[in-house]
Amino acid sequence: MSSPRVTRWRASPSTGRTTSSTSTRSRCSPTRPIPTPRTPSSTSCSRTRRAASWTGPVSVPRSAGRRSDRSTPRLSPLVWIAAGVALALLVLPLAALAVRAPWAQLPELLGRSEVVSALTLSLGTALLSTLIALALGVPLALVLARSAAWPVVPRRVLRALVTVPLVLPPVVGGVALLLLLGRRGLLGGPLEDAWGVTIPFTTTAVVIAQVFVAMPFLVLAVEGAIRASDRRFEQVAATLGASRATVFRRVTLPLVAPGVSAGAVLCFTRALGEFGATVTFAGSFPGVTQTLPIATYLELQRDPQAAIALSLVLMVVSVVVLVALRDRWVPGTTA
Amino acid sequence: MSSPRVTRWRASPSTGRTTSSTSTRSRCSPTRPIPTPRTPSSTSCSRTRRAASWTGPVSVPRSAGRRSDRSTPRLSPLVWIAAGVALALLVLPLAALAVRAPWAQLPELLGRSEVVSALTLSLGTALLSTLIALALGVPLALVLARSAAWPVVPRRVLRALVTVPLVLPPVVGGVALLLLLGRRGLLGGPLEDAWGVTIPFTTTAVVIAQVFVAMPFLVLAVEGAIRASDRRFEQVAATLGASRATVFRRVTLPLVAPGVSAGAVLCFTRALGEFGATVTFAGSFPGVTQTLPIATYLELQRDPQAAIALSLVLMVVSVVVLVALRDRWVPGTTA
Amino acid sequence: AGGVDTVPGSSSAGTAAEEELTGQVTVFAAASLSDVFGTFETRFEELHPRVDVLVSFAGSSSLAEQIRQGAPADVFASADLATMASVEDDGAVSGSTAFTSNSLELVVPVGNPAGVTGLADLARSDLAIALCAEEVPCGAATVTLLDAVDVEAAPDTLEQDVTSVLTKVRLGEADAGLVYRTDVLAAGDAVEGIAVDGADDVVNVYPIAVLADAPNPDAADAFVDFVLSDEARGILDGAGFGAP
Amino acid sequence: MLHSGARRVRRHGHVRGELPRCHADPPDRDVSGTAAGPASGHRSVARPHGGVRRRPRRAARPLGAGDDGVSATSGERRGAGDLDVHVSLRRGSFALDAAFLALAGRTLAIAGPNGAGKTTVLECIAGVTVADTVGVRVGERVLDDVGTHVPPEARRVGMVFQEYLLFPHLTVLDNVAFGPRSTGAGRLEARERAAEWLHRFGLSGLSDRRPHRLSGGQRQRVALARALVTEPDVLLLDEPLAALDVEVRDDVRLELADHLADFGGATIVVTHDAADIRTLADDLVILERGAVTHDGPVAAVFDGPTTAYARRLVGRAGA
Amino acid sequence: MLHSGARRVRRHGHVRGELPRCHADPPDRDVSGTAAGPASGHRSVARPHGGVRRRPRRAARPLGAGDDGVSATSGERRGAGDLDVHVSLRRGSFALDAAFLALAGRTLAIAGPNGAGKTTVLECIAGVTVADTVGVRVGERVLDDVGTHVPPEARRVGMVFQEYLLFPHLTVLDNVAFGPRSTGAGRLEARERAAEWLHRFGLSGLSDRRPHRLSGGQRQRVALARALVTEPDVLLLDEPLAALDVEVRDDVRLELADHLADFGGATIVVTHDAADIRTLADDLVILERGAVTHDGPVAAVFDGPTTAYARRLVGRAGA
C-alpha cells in the first residue's frame, strides 16, 4: 500500500519543474527545478537521479553491515603521539632486556627444579592473592565509593589509609607485617599462645604479604570505577525485588567489570612481582616461600645473566596469563 | 485557583460515607467509609484525617531537605564484614608499625638534613612523575580503551605489554632501563656520543624510573574507567561542534575523573614508594638521587628503629598530600 | 658487640649423636653467602640424610629483624659483626663464631675504559664511581679502607649492597667501584678486579650462631660445626672468602 | 494524535470505555467498608476485558505480611491492597507536599506540569528516595513512616522509570527475566515468563539484543515488560508510553489496560497524555508545583477542570 | 490530547497555521532555480512569526566550504542549505534504505513505527554513525559519501538526542553553553547566549543544577536549548517534545516553531505526535521498516494517507 505513494514521488521531478510561484503544491513539495543537469548539486528530488549523482550508496552490500555499526575512533594526533611515547617508555626497556638476554640459557634454567618450583609458587600465590583481594577488596571499594554520606574527615582519612601500603617501601611493609603477625607481634603472639599457629615463613605468609601489598591497587581501581558508575541501575534492580546480594552480583559488579578487571590485573601483576615484603615477612625458603622474584634477586647476586633470563620468564608467563585470562574475566566489555 | 478544589476534596469524607453501591461518584472517588475511627488503617481518603493517623510526615521541616535527597546506602552485612577484614589487613600492620615506632626519635630524624633532602626529593620527583604519567598515560589508556576496532591479537598483546613493568622485580626493571638508557645502552650510547648526555645518576633518571614503574598503574586504572564510560556523550559533544581536543578535555576526561583520580593516586604513591628500579637505574646519592625509600632502606641496615620512623614520615606525608590534593583533583565527583 | 668465639670447632658434638640427627634445620644466611651456603646445604644433607636443611637468604639486617620478631630459625649467618651484635643484644643469640671474612677489591668494567689503576682514581670527579653506602656492611668497610689510605672518594652513587655496585660496573655505567673479592670472582669475565694495597687490613668478618630458641638445636649445632669444618673452609676459599 | 486521537479514544470507548469501567464492579468497595468480596478476583471478573490472558494472580502471591492468603471471611480483605501515600519533602527550592490514596484494582493517573514532583512521588513509593517525611502504606503494611523504611526490594512495588534504565549489560530477555530470577524463579521459568511478556509487546525478535542496540520505543516497551513481569502488589509507571509510535502506542495501551484490569493491586500511571488517562485510568491526581490541585475520578476532571493546567490537559484552554 | 489535542492545533492554526506557512514565502525557491533572493533573510521576513527574536543568522555564519558569504549575485545561493540524504545500511537483521531531501528554511518531520530507523537516519546525518553506504550533503558540501566522512564536529549539524544525553558533569547552564564555547565563543558570551535560551524555555531558575537533579521534562528542554543555541546549518530533533507536559509542550512547540521560522537551514523533527507535525513541519517523510513509504508536504499526508501507519497517524484507522 505504500509503494504507489513512493512511485508517485519518484516520478515527480517533472511536476517539480514548474516555475510558477503560486503553486502551493510545488511550493511545499521537496522537488525543485534542475538548472544544469550534470552538476552534482542537491536540487533534484528524484531518488533515482540523486542516487546516480552519488557514486556509492546505492545498494546495501552484505559486508557493510558490520562496518557500519561502529563510529570512528577519532583520536587526535596529539593523543597518538603521547600514547606512542608512553608505550615506548614502557616497552623499549623490556626490548632492551630481551635483546641482551641469554636466550640460550633459558632451557637449562627452566629445567632447574628450583626455578620450576619458584615459578609454580609465584603463579599459585599470586592467583590466590588476587582472589582474596577480590573477595575483600571489592567490598572495601564499594564502601569507600559509597561513603559520600559520611563526614568529610573520616572519609578522606580512610581513603588515604588504604593507599598507605602503596607508599611504604615493601621491606618496611614486611616489617610491619612481622610486627603484627610475627610470633612476638601484636596479634601473632596471642595467636600462637592460643592455637599454636605461626604465620611467618609459611606460604600463607607469602599470600598475606602479597595481599597487603597488592590489594590497595585493586581497591583504588575498583573504587574509581564504582564512583563513575550510575547508581540508578541498582535502584531499578531493587524495585524488581533483587536482594542486596543479588544487586551486587548481577548489577553493580557487571557494570564496573572493566574497573574490576583492571584492578585485578594490577593486583595480580603486583603480587607476581612482589619481593621486599615477602622476603621480609615470609623469608625465602625454596618451594615454600621463595617466589620467582626472590629467586631472581638471589640469582642477581650470583649470575646476573641468569637473573635476567628469569625475569623474562616471569614476563612471558604474566603476559600469557593476562592474554589468556583477561577477556574471559570480562566477557561483555572487551570484544 | 487550585485551592478550592483541594478544599473540596478535603471536605469529602462525609460524602464518601455513603453506603449506596449505585452512586457512581462515590464508586470512582478515592474516598471511602471509615469503619473504626482510631484504627490506623488506610481507608480514609481525607488528607487531614490521614495526616493525623501518620505519626510523622505532616509538615516539612527545613532540615529534612538535605537528608531526603539521598537514598539509603544499603550495603549488605556481608559487604561490610569483607570490607572490615580488608581494612584491618591494610591498616593493622601500619598500626603495629606506629605502636612500635620510636616517636621520640622523630624530631631528631626530621631535623637531619639528609632526611629533609630525601623527603623533598621524593615528593618532588613523585609529583613530577605523576604529571608526566598523566600526560603520557591517559592518552595511552584512551588508545587502549578504544582499540576495540583492532584485530584481537595485537590488541591483547599491547594491553599485556603495558602491564609487564608491573611484573618485573623492580631491580630488573632498573637493569632494563640501564640496558636502554645507560651509557652503553641501546639508546643511551648514541645519546652520549651525540650530545654528551648521560642519564644514570641524575634526578632525571629517578623520574624516568618512577614513570616506568608507576605509569602502568595509571594506564590500567584509567583504561578501565574509559571502557566503562558512555561514549555517546562524546558524540553529542562533537555534534555541538567541539574539536577532538575539546571533547577530550571537557567531556571524556571529566566523565572518567574518578578513574583518572584513582589512577593518579596509585601512580603517585607507587612513585613515592619506588625503590628497586630507582636505586638500580639512578643510584643513590644524597640530594640527587637518594629518595626517602632508599634512605629508609639504608637506615634499616643500621638502625631499624630509625628506619621505621622514616617510613612513618613517608606514610604521614603521603596521607597528608592525598587528603589535601584528592578532592581538589576531582571537584565534582567527591562531595 | 657480643663476644665472638674465634676458635673453630669448639662445639661439642659426638659422633654417636650425629648418627641420630633428624628433622629440619632452618638456616638464615646473608644473601652474599648464597653460593657457598647452597653448596653447604647439599653437602650437609649428604652427610646427614635424615636432616633437611632449609636456607633462607636475604639481606643480613632483614634476617636480623625476622629473628627479633621470633622467626623459627636454628642458625643465623650474618655478613657483619654489627648485625649479629644487634641480635645478641636482643637475647636471640648468645655468642657467635666468626667463620670467614671478606675483603674489598677495586672493580672496573671489562677493558677498564677509564684506565683505573688504584684507589686514588676513586677521587677523580670525571669518572663515574659506585660505592656501597655507609649504612651497609660493605660500605662501612669501604669507609674504613679509604680512611686508611687517605683517599677522598668522589662517588656518584652510594649503593645499598654490593650487587648493585657490581651491576653498575658490569654494565659500564660506573667506571670503577669497590666490592668484595668474592663478588669479583663470582662475576667471572664480566668485570675486571684490581687488587689494592691495604685491602687485606680491612676485612669484613662473617659470624655464625645457633639461635637461643632453635627448634632443632642438635642439628643446628651440627650444621655450624660443618660450616666451621675444613671441608667448608675449602669451599669458602674456592669462592674467594678469607680466613675468619 | 489530535482530532485523530479523539477518534481513537472513542473507538476504545466502544471497546472498553471509561464509564462501563467505573460502573463495572459495583459489589465490593462501596457497599460498605466491611462487606466487599474477595477484592481482585471479584473485580476482575466484573471487568469487561482481559479475558484472554487473565491469570490467577492473587492466589499466587499473598497480599501483605499481615493478611496472607484469601481468607474465608471475605470481609477481612477490605482495602488490603490500597496504596496510601503522603510525601512531604524538600529538594533545594522545590517543596513537595502531597497525599493521596490509590485503590487496589484501580488505576490512578498522575498528571501535572514538568517538575511538579510526579517522578519524585513515585520514587518515594518505590522506596528509592528516602525521607523521614514520607509515609507509604499498602493496606496494613507500612512501607514508610517515621523511623520505618522498607527497602525497595522488599516492597513488591514495581516501577517503570522515566528513563527506562535498562541494564546495559544484559540482553533484552535477561532484563525482563531479572525480576522473576531475583524473586526466586528458576532460570528457565524466569525466561519463559519474560519471553511471554516480550511477545505481548511485540518484542520477541529482539530477545538477544543488548539495550543499546534498540530503538527508543523498543527500549520503553522492554522497560514496561520488565516491571509487569514481576507481578508486584503496586505498579508505578512513569510516562510509560511517551516514546511509542502511534500504532504501537495503541496496542501497548490496550495490552496494558488489559493487564491492569486483571491486576488486583493499585496502579499509578504518570502521563501527559489525555488519551492515556482516559484509556487507562480510573482516578486522576493533578500535581502542580509539589501540591495536589485535583484528586478525583477521571470523569470529574474531564467534566469540570478547575485549574489552568487541568483545562489545558483536557483541552479547554481555547474554549 | 485527543479531542482536546485537535482543539489545540486549531487554536495554533489561528495563530500561525499550516496553510499560511506554506503560502507565506512564495518569492524565492519556486520562481526558478536561479532567481531566489538571499535565502534565509528573504524567507524569514516573509514568515508571519518570529519577529521578536529574529537574528541575522546567515550573515554571521557562512554556509558551506564551497560558497561562503552571501554573494552579491543572489542566484548563487540556490539550494545552498538543502540537506540531501541517502542512507542505506544494515544492522543485523534490520536493513535501512532511505533517501530524501530536506529543504533549507523548511521543517521536515519524520514519523514512523518504533524501530523504523528514524534515529539511525538522524545519527547518520549528524555523522555519529558511519557507513560507506551513507550519503549526506548540505548544499554543495558533501558530508558523507564513499570515502568521505566529515567528522561530526565539522558538520555544523545540531542534534537533540532521543535520550537527551545531557553532560552529567556540567551544570544546566554549562551544558547549554558547551556548544558556543566549543565553536569559539568566549565564556561570558557563551553563558549569555545559553542563559537566553534557558530563559526562553522557562528554565532560568535551574541554571546551576546538574542534570541528575532535573525532572524528565526539564531535561528534555535543556537538551533542546543545547542544540538550538549552537545555530547550526542543519537541525535534527529526535522526539524533542515527548517528555513535556501539556502546557509546556504547547509553549515549547510555539517557541520552537518561532525559532524554526527564523532558521535558514533545514530542520528534521522526528515525532510520533500529529500535533507536532502539523504545528512544526512543512514536509513529512514516513519511514517504515527502514524504507520511505511516504514523502511529501504535510497537508498531502493528512489529506490522503496511504499506508496503514499513516492512517493511524492521522487518525483514520477507525474511519
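Labels A, B, C, D and E are assigned to the chains in the order they are written; within every chain, residues are numbered from 1.
Quick note on the criterion: a contact is a pair of C-beta atoms (placed from the backbone, for glycine too) under 8 Å apart; a residue touches a chain by one contact, two chains touch by 3 or more.
Bear in mind that the values here come from a model prediction, so they are computed numbers and not experimental data.
Note on connectivity: the fewest chain-to-chain touch steps from chain C to chain E number 2.
The highest number of C-beta contact pairs joins the chains A-B. Per-chain CA centroids place chain D at a distance of 34 Å from chain E.
With each centre defined as the average position of its C-alpha atoms, the distance from chain A to chain E rounds to 40 Å. For chain E, the set of residues touching two or more other chains reads 91-92, 128, 151, 163, 308.
For chain C, the set of residues that touch two or more other chains comprises 62, 65, 167.
Chain contacts: chain A has residues 70-71, 74, 171, 175, 179, 185, 235, 238, 243-244, 255, 257, 297, 300, 304 touching two or more partner chains. Partner chain B is touched in their complex by these residues of chain A: 70-71, 73-76, 78-83, 85-87, 89-97, 99-100, 135-140, 142-143, 146, 148-149, 156-173, 175-177, 179-181, 185-187, 208, 211-212, 215-217, 219-221, 223-225, 227-229, 231, 235, 238, 243-245, 248, 255-263, 265-266, 269-270, 272-273, 275-276, 293, 296-297, 300, 304, 307-308, 311, 314-315, 318-319, 322-323, 326-327, 333-335. By the touch criterion stated above, chain B contacts chain C in their complex at residues 175, 178-179, 182-184, 198, 200-201, 279-280, 282-286, 289-290, 294, 297-302, 304.
Remark: chain D residues 126-128, 151-153, 155-159, 161, 163, 165, 167-170, 178-179, 182-183, 226-227, 230, 232 touch chain A in the complex. The part of chain A that touches chain D in the complex is made up of residues 232-233, 235-244, 246-247, 250-251, 254-255, 257, 332.
Interface of chain C with chain A (complex): residues 26, 28, 31-32, 34-35, 54-58, 62, 65-66, 68-72, 162-163, 166-167, 170, 183, 186-187, 190.
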